[in-house]
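First comes the structure, then the notes that go with it.
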Amino acid sequence: MSDAPMTTNAKTGWMIMIAVVVLGMILAWFTLDAGKVWVTSETVTFSQVGVDDQATWSEGAIAGAPQVSWVVATEVKPDTVGATLSTNRTIGVWLAAILTLFIMSFLAGDNPFYKTAESIVIGVSAAYWMVLSFWTGIVDKLLVNIIPDTTRAWAVPGLPESAQFNWIYLIPLVLSCMLIWRLSPKGGWIARWPLAFVIGTTAGFRLLSHLESDFLLQIKSTITSLYVVGADGFQFWPSVSAVVILLSVLCCLVYFFFSMEHKGVVGKTARVGIYVLMVTFGAAFGLTVMGRITLLTERFDFLFDDWLHLL
Amino acid sequence: MLNYLRNLDRRIVFLLMGLAVALPILFKLSFPEPVPEGSQPYHVFDQIDNLPDGSRVLISFDFDPGSQGELLPMAMGFTRHCAQKHHKMYFMCLWPLGEPFVEDAMNIVIGQEYPDLIYGEDFMSFGYKPGAEAVIKNCIVDMKTLFITDSRKTDLNKIPMTANIKSAKAMDLIINISAGDPGTKQWVQYAATPAGIPLVAGCTGVQAPLLYPYIPNPLKGLLPAIKGAAGYEQVLIAAYPEMGAADIVDSKYSSKAALQRMGPQFVAHLLMVSFILLGNFIYFYDKKGGA
Amino acid sequence: MIAKRTIPLLMASAVGFLLILTYFIPQTEQWGADAMEMFIILAAAAMVLGAGNLVMMNLAKVSRRSEGWGYAAITLIAFVVVLVIGLLKIGAHGTAVSPANAWPSNPVQEGSPFWWIYQYGLVPLTATMFAMLAFYIASAAFRAFRAKNVEASLLLGTAFIVLLGQVYAGYWLTDFLPADPGDTAWSQFLNGLRLENLTQMIMDVPQKAGNRAITIGIALGIVSTSLKVLLGVDRSYLGSAD
Amino acid sequence: MRHIAYAMLACVLAFEAMAYAAIAPPSNVQTADTPNDVGNQVDVTWSLSPDDNGKGAVKGYVIYRVTIDSAEGLESTASATSLAGSEPIGDVAYGKTDFTDENTTAGTMYTYGVAAVNTSGTSDIAVAALNVTPRMEYINRGKLWFGIIMLTISGVVIWYVRYAKRGGDVKVRKIAGLEAVTEAVGRATEMGREVLFVPGILDINDIQTVAGMTVLASVAKTAAEYDAKLEVPTARSLVMTTARETVEAAYLAAGRPDAYDENNIYYLTDEQFGYTAGIQGKMVRDKPAACFYMGAFYAESLILAETGNSIGAIQIAGTAMPSQLPFFVAACDYTLIGEEFFAASAYLSGDAQQLGSLKGQDVGKVIAAALLVLGCFFATLAMATGSSSMIATQDYIKNNILGNEGFVPAAAAETGIEGDNE
């Protein structure tokens, strides 16, 4: 632990806190059934119909036929008929609650619990992303186009029979190999080719999409009449709004001007521009508070309801 | 006292914030939540409700567990509403950590509250697809080459709902629940605008300001943050009182999940306001005193 | 030298300009989107590099017994366990299309060990990390929102109004103002001062204008950055010449 | 295979139609080649069946299609019977009056028919009066104006880059945050602490990350010159790879290749909050003296900036994420707002050609402002006078110049200039 050694006071503080939390947890387990999850289970069975090449599977048990089955569990209230305590889900809820508290403990300062949670989240999430990119990127995108028949038999049974080897996918395959070549001690520069390909396509694609959807679309939606007429004649405030919007956009654009120093008229206009930007930021800040508080509410909901069954 | 406030430990601020959220939850504090006639939750409700029964609706869950507090109630509300109207639901997901929520919507909400709906005929899932806006762009051109199979690896040509559909242009409505990019903005730019498909969305509070410029065209309705979700739940319950009657164990899937989360907002917002006032009081006091 | 710098540079320009051209031809319009989809494969393959690096770094820490090596070991174990479970689909069952074959199953199939890790490990960890923002936003407001100058005052003033306008407190505080906008500009003005309407006005007018200007500027910045890359003016990403 | 479900539906419906009284068919079926495509689409429109009251008396409409020998003329000769023998190619819910067939072949002639269905049967098929031949277009004419604007803006940027290369004057204004970069790195060196550079959480296929890399090149060069330790944790493997190339080159350029350590540029995890947790932990433990946040950021912006603030680091942020700018502005010492962030690499490099591109961007802003002012001017005149030519001008600016309707205004196209039926 790289921190400066803790003071005795801080250590005692942590000790007391840990003791209180652990005692509380034990108490909660016995009095509140904390974290306990009940489920009902249902077995799904499939039976083989036909033989060899023609073999298909149909749902339901057929006597004598080869069968496969698995259990599907549904979370239910404890008083439901046939409900059983699910060990793995109960352990899961406890684990989730403990990890939640570990992360929150960071608010009191860096500590071993947070470090543990941090180490877990990095390891687990890196692996999670890798697993998902393997199945959805490598298998579902690359392999189905390079070796369709093998992939169909192995992992994508729904791949249509019409699917064929698609040579265009050799491009990403070759580029991927060049990229991984970086692991070899020699010729690491070969990885620059795929990087150049990626950055080149990115530049081309983004140039178009941002110019079309951000530049043109935003100008288009700002264009409105500055003299607003409604069902009952001239509308004062909407007209004022329209004028203010147009002037504000122009002032902000002046703020972003790089060629001229912010002095004189340009400086004054740019100043108005930065004021508008500050109001924009203030508004976004205020609106975001609501979202962030909701996230905390959800976490407390989990702790109080799913774990402690207090609500 | 003032000196104490001047050097207020961050942890005190943290503790107060924690209490401001925790106590209203424990005491189930709630405040009136007026949904003005003609406000966004009504727009969203009308878009889904006025579609002919059995219309095709593409629902994209573009969020992850981090934002579930704000977005899960809307996602489940949309699912319930579509199921109630017997719309054909096509689920998909552009965020890698979001797919389990699609499964929850199908297994928990549809499975327990609308057990007569059948997978493949009334609802189906394309699953998670990496590629962000490229997926959306290709979605309105050719869904079958894009997805190939559903999330259960069944050929799309063999699923009744998708057999005769080539692209998302066949959809009558797109619903998007988004926590960022890829999200509502990309659906507006790459699907709703070029293909002319109506779009309604639910988004986080952070995203909302960026999306207001797209209302009402092509964004027909927007549920901003938990406030929007709560409003939508209220409108839904008023229209379909029987909705969400099933006994769902996990309260986060219940039909009143968002409404339950509005109480803490009030207290926490007041606390934030007091922090700002207090901070400025100290600042001006010090300035006046020449400190 | 040529292979190290010139060819990559030409390749970036060529594919970039080609994509721009194809966008205007209906036949090839989707190439840009297709290229972005192909990127997924490349990014997935690159994870071998990233994850390899993660493993090597933590392994080095553990073997050297350097500071905090215990935490490195936790990361390493978590990574390997989840990777093996996920890639081998341990504990997963088949689907209706192929009941006997578990390989086609959804990676995060409910009830499987991988789902369990997602549900009870990844979800609480990431969601709590995100929820910490509620605390940070409070401390940022307390610390940074001081009316030091006009800019800061506008920032905090707007945030103040929006914070109140979002909840019931807003209705309650300005309930004395007319609820009906009426016909005259003056009555409409008074009605507009109600906090909930003021919030909406801020969203509809200055906020919208500010965001639009920012977006237009960003689009131009992106055009110019892309062009610099395509023209080879900015080639820092390509590394050194030798 | 693909139409099995519909073939069955059609059989059932045909059988039911014999058994029950039929409902009234839709009318006025019209077809048109979808413009600006490769000829794989045809738009079909119709008027609702008189029985379609929106309350379920009509459940929906089915669309039929037959291929016609192209020797035949424009007038449709196909009968309802020949259409009924074909499989329906699609269906829509009641109340809808349009359908796009996305499975046509360019150059083939088709006739379409539409029938209403309800639970008791199918109506007669209403047949389109004219045949339609979808055409393949070689240029998307709808995007012509967009092409012109793109070429103009790009052209100006390129012109200024060349102008600067020839030695033209390309002075630009000061940008506060960038002046502070050297100071921040210098302070880190003095304090003997490290410099942390966070390149955002998106992959290298986002232009913000690319821009972040170019800023990294400058920061790394300064760090190498000052001999400060620079750490770059990344959320993507490709960003890690790119960052290593970039930093290595910068150290070489600064004449300090020996000081470069590849292990200081490492991958943490792709997951947003896993990554954030890792950096947050790192910050409180190693207490970097200068933190740079340059790239695409989401919610982690405030977590990072507040943690950085609590350890007393100088923080400089740059992003084009409008939603995160407020937090950086509130919690960092300097923030590069949107376009300023993209200007950063040019500014820091001091390279004349790169600075030239900034001038080009300014011309882009002038074009934007001009379009805005002109557009609003005509829109105001249109609203105030109600003059049809003003309304047409306003529409032309919005739908043609800024939209995707091409050179020819919609009203002119309707009168047959771009007729698609043939």
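Think of it as A, B, C and D in the order they're written, each chain with its own count starting at 1.
One rule holds for everything that comes next: a residue touches a chain if its C-beta (ideal position, glycine included) is under 8 Å from a C-beta of that chain, and two chains touch if they have at least 3 such contacts.
All figures in this text were calculated on a predicted structure; none of them were measured in a lab.
Engineer: Counting hops between chains that touch, how far apart are chain A and chain C?
Structural biologist: 1
Engineer: Identify the chain pair with more contacting C-beta pairs: A-D or B-D.
Structural biologist: By the number of C-beta pairs in contact, the winner is A-D.
Engineer: Whole-Å distance, chain B centre to chain D centre, using C-alpha means?
Structural biologist: 22
Engineer: Using mean C-alpha positions as chain centres, tell me how far chain B is from chain C in Å, no decimals.
Structural biologist: The separation of the two C-alpha centroids amounts to 17 Å.
Engineer: List, in ascending order, every residue of chain D touching at least 2 other chains.
Structural biologist: Counting only residues that touch two or more other chains, chain D contributes 150, 153-154, 205, 207, 210, 238, 241-242, 245, 267-274, 277, 299, 322-323, 325-327, 329-330, 337-339, 343, 358, 361, 364-365, 368.
Engineer: Would you mind listing the residues of chain A that make contact with two or more other chains?
Structural biologist: Touching at least two other chains: 2, 103, 106-107, 115, 117-118, 121-122, 124-126, 128-129, 132-133, 136-137, 141, 155-158, 179, 182, 192, 195, 198-199, 201-203, 206-211, 215, 217-219, 221-222, 246, 249, 253, 256, 277-278, 280-285, 287-290, 292-293, 295-296, 298-299, 302.
Engineer: Two or more other chains touching the same residue: where does that happen in chain B?
Structural biologist: Residues 10, 14, 17-18, 21, 64, 66-69, 97, 107, 130, 133, 152-154, 157-158, 206, 209-210, 213, 227, 265, 268-269, 272.
Engineer: Edges wherever two chains touch, nodes for the chains themselves; is that graph a line, a ring, a star, complete, or other here?
Structural biologist: Topology of the interface graph: complete, with all chain pairs in contact.
Engineer: With touch defined as at the start, can you tell me which chain A residues reach chain D in the complex?
Structural biologist: Residues 2-3, 103, 106, 110, 114-115, 117-118, 121-122, 124-126, 128-129, 179, 182, 191-192, 195, 198-199, 201-203, 206-208, 210-212, 215-217, 219-220, 222-229, 242, 246, 249-250, 253, 256-262, 277-278, 280-282, 284-285, 288.
Engineer: In the complex formed with chain A, which residues of chain D make contact?
Structural biologist: Going by the criterion above, the answer is residues 146, 149-150, 153-154, 171-174, 204-207, 210, 238, 241-242, 245, 267-271, 273-275, 277-278, 280-281, 284-286, 322-323, 325-327, 329-330, 337-340, 343, 358-359, 361-362, 364-365, 368-369, 371-373, 375-376, 379-380, 382-384, 394, 397-398, 402-403.
Engineer: Over in the complex, which chain B residues touch chain D? Could you list them?
Structural biologist: Chain B residues touching chain D: 10, 51-56, 64, 66, 97, 142, 157-158, 160, 163-164, 166-167, 169-170, 172, 180, 206-207, 209-210.
Engineer: Can you check the complex and tell me which residues of chain C touch chain B?
Structural biologist: Its residues touching chain B are 30, 32-34, 36-37, 39-40, 95-98, 104, 106, 108, 110, 115, 118-119, 122-123, 126-127, 129-131, 134-135, 137-139, 141-143, 145-148, 156, 159-160, 163-164, 166-169, 171, 203-204, 207-208, 211-212.
Engineer: Can you check the complex and tell me which residues of chain D touch chain C?
Structural biologist: 36-38, 136-140, 143, 147, 150, 153-154, 157-158, 161, 203, 205, 207, 210-211, 213-214, 216-217, 234, 236-238, 240-242, 244-246, 248-250, 252-253, 263, 266-274, 276-277, 299, 302-303, 305-306, 309, 320, 322, 325-327, 329-331, 337-339, 341-343, 345-346, 349, 351, 353-354, 357-358, 360-361, 364-365, 368
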